[in-house]
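Chain lettering (A, B, C and D) follows the sequence in which the chains are written, and residue indices restart at 1 in each chain.
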Amino acid sequence: MELTYTDKQKAFREEVRSWLADNVPAEPLQTFDTEAGFQAHREWEARLNAGRWGMVTWPEELGGRGCDLIEWLIFEEEYYKAGAPLRVNQNGIFLLGPTLMEYGTEEQKARILPKMATGEEVWSQGWSEPNAGSDMAAIRSTARLEGDKYIINGQKTWSTRAVWADWCFGMFRTDPESERHRGLTFILVPLDTPGITVRPIPQLDGLPGFAEIFFDNVEVAVENRLGDEGAGWAVAMATAGFERGLMLRSPARFQETARRLVELYRANQSSADQDPAVRDAVLRAYLDAESYCLSTYQTACRLNKGGKIGAESSTNKIFWSELDQNMHATAMSILGARAELLPHAPDASGVGNWLDGWLFAQSGPIYAGTNEVQRNIIAERMLGMPRR
Amino acid sequence: MELTYTDKQKAFREEVRSWLADNVPAEPLQTFDTEAGFQAHREWEARLNAGRWGMVTWPEELGGRGCDLIEWLIFEEEYYKAGAPLRVNQNGIFLLGPTLMEYGTEEQKARILPKMATGEEVWSQGWSEPNAGSDMAAIRSTARLEGDKYIINGQKTWSTRAVWADWCFGMFRTDPESERHRGLTFILVPLDTPGITVRPIPQLDGLPGFAEIFFDNVEVAVENRLGDEGAGWAVAMATAGFERGLMLRSPARFQETARRLVELYRANQSSADQDPAVRDAVLRAYLDAESYCLSTYQTACRLNKGGKIGAESSTNKIFWSELDQNMHATAMSILGARAELLPHAPDASGVGNWLDGWLFAQSGPIYAGTNEVQRNIIAERMLGMPRR
Amino acid sequence: MDFTFSEDQLLFQDSVRDFLVNEVTPERIRASWETASGRDAALWAQLAELGLTGLTVPEELGGLGMSELDFILLAQECGYVALAEPLVHTALVAVPLLRELGGELAAQWLPRIAAGEAKVIVGLEHNLLVEDAHVADLLLLQRGERILAATPDQVALRHNESVDPSRRLFAVDVAADAAEVASGERAAELATRALDRGALGCAAQALGLAQRMVDMSVQYTSERQQFGQAIGAFQAVKHHMANIAVRLEYARAPVHRAAYSVACAEAVASQAVSHAKLVACEAANLAAKNCIQVHGAMGYTWEVDLHIFMKKAWALANSWGDAGFHKTRVGEHIFAEGAALGAGATFA
Amino acid sequence: MDFTFSEDQLLFQDSVRDFLVNEVTPERIRASWETASGRDAALWAQLAELGLTGLTVPEELGGLGMSELDFILLAQECGYVALAEPLVHTALVAVPLLRELGGELAAQWLPRIAAGEAKVIVGLEHNLLVEDAHVADLLLLQRGERILAATPDQVALRHNESVDPSRRLFAVDVAADAAEVASGERAAELATRALDRGALGCAAQALGLAQRMVDMSVQYTSERQQFGQAIGAFQAVKHHMANIAVRLEYARAPVHRAAYSVACAEAVASQAVSHAKLVACEAANLAAKNCIQVHGAMGYTWEVDLHIFMKKAWALANSWGDAGFHKTRVGEHIFAEGAALGAGATFA
């Protein structure tokens, strides 16, 4: 055990920091749940990629830097510290990207990854269906192989950022006789294919952060199948693993939220201390964010040495989503009567973007497998408790 | 609505207060989980009864005062304020007593209630069995009718205070072919009957607060059956309702605990405030104890006017048991390094009986139907959510 | 000692609930979001017709002459439908303050309020912003040690947008020529009582909001199927809902007690109100948290009605005194030397 | 940056775990409750034979010359079996303090500790009572601005009974002729570091205790049948256990970091220890609460082993600094003007 950075790691941090200092937009971009904001974020992805900072863990030949997980953590720390924009293509670069590298053909990698890296093609997910949410094995949308094409019919929903995305990836039932986890196939679909209708779903803040996607005899070339026909579940589980895992939720994000929460508390201390629960909640937020960072470093080091993430990754989802909710709830308490105001309200001094964060934090315990499902997984797979 | 006491109620309170001031032992009695303490508590019951304060809600002809529920609440308030002993015969007077009044024959009432009132006969419960805990319908102990006697075989467990009690009441399977709730009969059993073996079970503090009761061809006269043969479940549910309901857990007890907690906090404020969660927890304890009192008064007034307790009585069990646990956990936090010390330890200044209370509070969410079972009941019967 | 509502009070609650549930539908609330004022004059006229705007106006001034206690069950029902019109404000804050101010002002405005012809809105120093100031025909504003009565032409309003599109909040600048209607000690006392009544209204509405979220969620989880069964049959979902039911069950009596205490001007009124607001808003916040969770992604959408009630619950928790304010008031009582606590002290 | 334990460290942990689980059974712990000292000389001899009593004693003095970090996984295992012997105290508190004191004292006592021939017990001003003072061959006692070394004949012990029958706690009066071994600034520094190491030991044991309670409860709920199935199949029971698993999973790395920080005498050591102790003891307290719940009435008995671990968890939470003490230390850091917080600050 050696909990100090190497000279190489320090130099890497300096390089990241210096590039970000020169390149991060001075003004925060508009949210990518608006069309203009989406476009601005897409441009930021291109800029990042031009600096070869788009996906630092990707191999150099794909425009990455072949970073290990510690360097990735360092990058994320600097990224969040610099207040750089959220990653509009996170479904692509963090979820589909690694899955493609594991299951994709060379042709697929060469065709898809570079455009994903530049943000030229932004990806959305097509997992959930109206009757297949937590119960993903209940998928009913079909893909019928005809010659060298799949004919897709059905409906996907809760597809994050699909309103302006270029592609979606998801699972479809290729064996109509199959049930549950069997007979599903992982297919990549260009969203401009005829027969596709994307209906925006406004989220809590009224913006169309996700969408329903309707497929009406949509023809997709068979070369867009990822993995074997009928093997979709295994491919998807790899992706879900990434999603729940550390890649999407770097500790830096929560540490910065905790830091801002401490600042907010200090700036409002005399009113905040009227509720003695607040100081304790701030303290806990800081401790939990640090615990999350420490545990992530420990896991990253283990993975760097060839270890595997197991069922304990389900603890990750619960931990960060509840931490995020608690931190934002505490901020709401501190803000008191100001908490409900939109940031542009004239008397909303000092509210920052806490309200947006609070709304967004509501989705944490729900998406990517509800926390109830995660608790079942922990109990059954990590602790070995009996299934019904 | 009129939230003031009538002159009659005020006079009643004065009368209770004055009798208790004259009669409550100056020194607290030893716990009734010891033989000597049990005896002392039995004597206290006799004294209470001699003053006609044993069961104030009972009819006058049974030695009670025919009090309504508000008078009962007033009595309880004065009782706890005076620091009077816990009721060693609570299973009898609060649970079996009301059940007997509803389901018993005149002969049974005349035979049983007076001795229950004087504490001459102390009652224990015989509900749970090794494989019938939360799942009470899984009872296997049998009672076979032969002539004018039941022959009882089997085992009961978690029988509170059965080590020194005189009788137990419980359910036995009289129809050997029956399953679940059917074919059960409610029978009263003298614990000195041949064939009975009582094995003490030491609880967390090492004292035999409950026991197992083994029945080996125990003969019980048929006149000790309460209600009809095979109708035990309905009778038992009435008793369980009383148990969960307000009679056993009067708000006074929790309000006094909350008051002592405020005192403890004030006496240790500078160290207690090192943990900001403590002050908040004390505040919440006070609020919840008051809420419990207010709700109980509201329910009592409704019942006095002929209303019925419904499934919402399950909320009662959860509320007081969690409140009790939280208050004692908070006291443990305030006591810090002193929390683990037994009261007689030479350096245990100011620990009072918080440790005993803390240990006892652990049982609250478990006994009389675990809180998990109560939550199911609330969801299904009060909210109407689907069963599996 | 009688802690029950009368048959009349309960019947009135039933009839108002029926009216509100039928009239104040989520669709109607959504429609009002699109209007400039966000307020629904037709609905206000209906409320007036039922006598609700004048419920606490003395009979001799055209009202029903009822007390805050008589209104409290109705305030719960206003929460149940997330009524956006300032009915709770009128009955619990504005009318009682006008009654206390009395004289010409009361004689002039109370009949008009009862008739549904005017709205009076109160803004205290404690209110960061004043809800519905834009539809007020008269504003009663606490400024320093004075209470002023200002007509719309005497104020300048600055709109502040809330996360709850039903709420219309304004900073209010008042002209120097607004009439002083109370000052000094008396103004401070009136303001404290007005604040108590405002907080009481939040608490009662919070009970209704929580109940509505529970009802919606029970229905949703009884219908929504996953893993081959209604998700409401899963124990985890049941327990989320049961946990709300427990907190909600024990928040009701404190609200009713606070209403009684305010109506009778008991010495403990402020403390009873703080207690009620803390526990009722906490129950509503828990309801919001658990109900969005059992709704899954549906709960995160604008289209499902849950957020109408959830956002209002969030907002009320911080209106008319946030948790810190009310905890401080309770703390001042219970941590005071010689405070009367424990068994028997509740109604002493 | 390498946040992993070495193969050697992990192998050592495995072998010690095997030894402890086999030797320190609940039956043996219960048997020790009945003895006068509550301590098991034979067991101590076995621990010495394995080199564990001298693990942190320098090699030249007959020990294994390892660091606090090397011992931390073993401290977890000591918690896992609720070891009553003062092994964690020896390796993490007494030996390092003797090492720091150095000189004659260290030369005299460290070899005897390593050989299992002597026990040295530390009592700070911060310790309300001194655990295992009755079996000490030497006591190092902080008194005011001094640290004294006292032999058993120089102290008077007053026994204080704990709810955990494994714990033997004593108030210690020390004679005037006990030798001063440090004073002033230096004594205070040594005491702070000793306190940190004592708290670190509690944190590591808390992890083991929590894990043991989880393991026992998983087994119990997998066997216990109610309503026609193992109760562990009920979602409510699963979620009680999963909630522990989450908190426990995220308490481990902070404990390991604190051990590293102490071993390297980092400037942030005290703060890292406070962090570790808070989260580890909270995980253990949650484990105690949820595990007794899933055990039902069985968990409330003296006969079922759960209480052995539960009571120790409760006691450790308040030993070597309670939550208030450790929260205050964390608070002093994070609420300070210009504190280095946020992304990138953790290992800076």
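The rule is short, and it goes like this: contacts are C-beta pairs under 8 Å (C-beta built on N, C-alpha and C of every residue); 3 or more make two chains touch, one makes a residue touch a chain.
Not measured: the values here are computed from a predicted model.
Engineer: Name the chain pair with more contacting C-beta pairs, choosing from A-C and A-D.
Structural biologist: A-D
Engineer: Sort the other chains by how far their Cα centres are from that of chain D and give me the top one.
Structural biologist: C
Engineer: Once you find the CA centre of chain A and the CA centre of chain D, what distance in Å lies between them?
Structural biologist: Comparing mean C-alpha positions, chain D is 39 Å from chain A.
Engineer: Just how far, in Å, is the C-alpha centre of chain D from the one of chain C?
Structural biologist: 52
Engineer: Can you tell me which residues of chain D touch two or more of the remaining chains?
Structural biologist: Where chain D meets two or more other chains at a single residue, that happens at 234-237, 239, 327.
Engineer: If I count partner chains per residue in chain A, which residues reach a count of at least 2?
Structural biologist: In chain A, the residues touching two or more other chains are 275-277, 279-280, 283, 372, 375.
Engineer: Can you list the residues on chain C that touch chain A in the complex?
Structural biologist: Listed in rising order, the residues are 127-129, 158-164, 167, 169, 171, 225-227, 231, 234, 236-237, 289, 292-293, 296-297, 299-303, 307, 311, 314-315, 318-319, 322-325, 327-328.
Engineer: Enumerate the contact residues on chain B facing chain D in the complex.
Structural biologist: Contacts found on chain B: 128, 131, 133-135, 138, 157-158, 201-206, 210, 271-278, 325, 332-333, 335-342, 344-348, 355, 359, 362-363, 365-367, 370-372, 375.
Engineer: So in the complex, which bits of chain B are touching chain A?
Structural biologist: 275-277, 279-280, 283
Engineer: Give the list of chain A residues in touch with chain D in this complex.
Structural biologist: Touch list, chain A to chain D: 1-6, 9, 13, 70, 74, 76-78, 80-81, 251-253, 255-256, 258-260, 262, 265-266, 279-280, 282-283, 286-288, 290-295, 297-298, 300-302, 305, 312, 315, 318-319, 372, 374-376, 378-380, 382-388.
Engineer: Chain B touches which residues of chain C in the complex?
Structural biologist: The touching residues are 1-6, 69, 214, 218, 221-222, 229-230, 232-233, 235, 237-239, 241-243, 245-246, 249-254, 256-257, 260-261, 275, 278-279, 327, 330-331, 334-335, 339, 341-347.
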